[in-house]
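Take a look at the structures below.
Shared between the two complexes below is chain A, which has chain B as its partner in the first and chain C in the second.
Moving on to the complex of A and B:
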């Protein structure tokens, strides 16, 4: 279980917070995602949870370990895949994994089997420095599950990967989750959030705007969007508006009164559109 | 913990054995030893060559022949010619009823001292039996240049250990792998110890090869190890700092060179400067390490002397370490 209460973080300790009053809980066996644009503070929050960044303010308990008390033992239970791959470029893929296996006190997975799982079979003895970006990312990802973590932290697990590799990685995450692994991931990709997460938190400028399951969000916002095409100064303008939010309703009224409507229909909202509606910000 | 330290060391070794700069550093001690042997006479070949006037004083000649290679010449000019040749032959020529030593000026101090003592022994009529112990001591006396070089190189090798550590830290930084290590149960202490092993081992193995190759293999190894370890503490701390603050291998290797300065200053102070200057070098750990090693290499150090010098080195290195430790800790975050 992960429990976070009133988490704040300021890199420069200058009164400006990159993470502001963030609170949430992740149940055992859940896949929980931080969805937000670049610079929102997703990695910052995740790095505090893993212990890479010091806990400045707030209460964080991960897998039963209170982060205020230092304990290296808890790293046996967690795994982390980094946003930017970080492996020894002078060691081969297998040497990289073999080395990390020795740093844990718990049973670890076989390096060869792991490489096979992420599609790096046959590349065991190639130096990681000679790997492509995607291959390095897969090696970093493989390393994150070497100790059979109970809590699995994934920072942008599929960003920048080609679609078929991304699909493989998604399958592995689903598989591990089925085995009972709790997953905390960050992404700015709504499809990932939609497909993988039991619940998502929308995060913008270091603040959580909303936490809910993708299914609930769509139920709540889904049929309540209208896509309108209208003429303004001789140009066709296309916009999507909510029929729930007051300012959108007013806007819709204005458009109907003052402009020529070309088309208008309700539609199923994507998570991204919901994100924009809720936060007033896009995901890029 | 030992298992993890070992794993970290094995990883470093594996990488270093494939890396040309690291390999070079690993083998420098052997090169140095061979170089020293090439340019300085070996301990066992230490013979003192004397040039004397033929028929001048037969009893003196036969006395000196017991302890040195004696060559005889007809005239003082011929003796002088012989002395001026490239090797370290010393002339002993009569003057005003006594004798004086004719030297070229570049002879090793020890050889000149030896010749001086031989002549005075002869004049004092000290017999072979009476002088036995002292002369034995002299026979084993190492040419000072060689001892100085070996001692300096021992200190240099400990700096090389630091350099190797810096190199390996730079690698971790370049690959950004420190953050991955930080998320394993191997704590920071394990990491620091693991990374230090290769530096300490280089110091120990390098120094052992050096002294064996240069013929100092019979010195008190435990004493040497003690001085070595306390000196390494300094090189290791500096190695960590330079590794953490340099962005690439060349800057790291380059910035370790700042340690060469105190090293040379310490050696030169002891070898070249008079007593009144010595106190200006008391802050310098290499100064004390050099003194300790000097006693060890000439096999005249007592344990209490070695303990004293080691404690001074440990104290100074410890202060440097305490000063650097917070920066190291911060750098490893």
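Moving on to the complex of A and C:
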């Protein structure tokens, strides 16, 4: 599990905090997402949790390891996929993975199997420098699984990927989570957060504004709406009505009785709309 | 095992990169220059141009004297071509001089002007006394000019007798001396090993920073010092390879190769640790260039003292390349001075270890930098 209490971080140690009084807990087997716009402090928090940034203030426990007591052992339990691909461009895909396999003290996954999992089968002996951006990202993603991590940190796991690759990555994350892997991801993509996360934290200007499950957030903040398209005097009319307000309910009934309905959909508020409603800020 | 894996990975990366071959290519070029172009000892023969403005019988006396010192006892008629003008001359070659006896005063002045060499006209004045006219270049020292002024106060015989009466004895016998070519090898070793190592390891670090792989390494259980040491290992290999590539063909069996290996390893460890420390303060090679260039210039200073012993201020001895040069010279002489080389090697190992330890601390803290 991950436990964070009153976490602060300032890059210049000048009292201007990029992460301010952040506290949360992630249970074992949970998928937890940090949702926020660029520069909100998502990656800073992630880098502290993975030890890439020093812990300045606050208490952080990751997988039973207190980050105040530095121990490299903890990395045997951790996997980290970076937003920017960072593989050795002069090594082949297999050489990249084979090298990282040797750095862990725990059993590791076979390089071929990992490359197959991320759709890079047949590219084992191609230098990473010759890969496209998406292929490099998949190799970086594959590397993060090499030690079968219990805690998996994913920084913007699908950013910049084409939809089919992003879908594959999401499937792999879901599959690993089913196997019991705890996932901590950062994203500014509401669909990813909605689809993958058991809970999300909205983070803006280094502060957590809200933590809850996407379902609860929609129930709490989303309006229950129905979108109807119907024919009137030969024209298609489109309107959105509340399923809660009495006058809208009456209007909907009238449309159904007197008009030819073309389409009718219930409409939930998206996480992005809720994010804007709660924080007053967009996700870009 | 992790260190070995990192080292093998670094060797692969280096062998597929640019800098690895720069050092080896430099070594091959240096070797070719030393084997094909640099003589064992540089020519110390001075060239002089003289015209005897006097009757032939008198000038013959001078020429007879010169001929006694000529290596083959014969004067050779030659044509000296300068700026497409040919001048007739007789060439006398002694152990330390090439004397061209020209046929006119104008030719002497022409040669002094075009060849930028000292020339002289020897003539008889109205009292049949010998006079000397020297044509100098203007850069000669006052000491030299004063010497010319008093040189002819006494007769040659008196001066020669005075010189022969001086008793000159060396303080030590059997002193081993490197030839002029061999004497340049310590500089080659310092430059191609130590200084290139300093620059190249910094370049390796900046390449890793650019690719972001240093962050990926940081989230593995392997300690940062192993990452750094694997890079130092590559520098040691290239230093040893490039150094031996030059030294073995040029020096043959003369050096103490075991001591040379020890000194190469310790000095390369020192300089690569220094390179690591410098690189830890900068984000890319452009930012670090000024500092690296400054350090390299500082390190080159003792080379000047090495070749110009008259300029050897005490502060130069504090610059690490000073003992490096002396150590390599001792090893190349093959004089079995184990204690001296071991002391220098121990010093570089100790200072290198301190620099490496500081670098390790800095890289732990600045992985994202």
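Couple of notes before you dig in:
Everything that follows uses one rule, which is that the second predicted complex is superposed on the first by the 240 of 284 C-alpha atoms of A that agree within 3 Å, B and C clash if a C-alpha of one lies under 4 Å from a C-alpha of the other, contacts with A are read in each partner's own complex, and residues count from 1 in each chain.
As a working rule, a contact is a pair of C-beta atoms (placed from the backbone, for glycine too) under 8 Å apart; a residue touches a chain by one contact, two chains touch by 3 or more.
Everything numeric here is computed off the predicted structure, so don't read it as measured data.
In the three-chain model built by superposing on chain A, chain B clashes with chain C. By the touch criterion defined above, A:90 reaches both chain B and chain C. By the document's definition of touching, both partners, chain B and chain C, reach A:105. By the touch criterion defined above, A:143 lies against chain B and chain C together after alignment on the C-alpha atoms of chain A.
By the touch criterion stated above, A:61 is placed in contact with neither chain B nor chain C.
Overlap of the chain B and chain C interfaces on chain A: residues 50-52, 54, 72-73, 75-76, 78, 80, 82, 84, 86-91, 95, 99-100, 102-105, 143.
Taken together, the chain C residues at the contact with chain A in this complex read 1-2, 5-6, 9, 12-13, 16-17, 211-213, 215-223, 365, 367-368. Within the complex formed with chain A, the chain B residues making contact are 3-4, 7, 11, 14-15, 18-19, 171, 174-177, 179-187, 333. Of all residues in chain A, only 47, 50-54, 72-76, 78, 80, 82, 84-91, 95, 99-100, 102-105, 140, 143 touch chain C in the complex they form.
Those residues of chain A lying in contact with chain B across their complex are 50-52, 54, 72-73, 75-76, 78, 80, 82, 84, 86-91, 95, 99-100, 102-105, 143.
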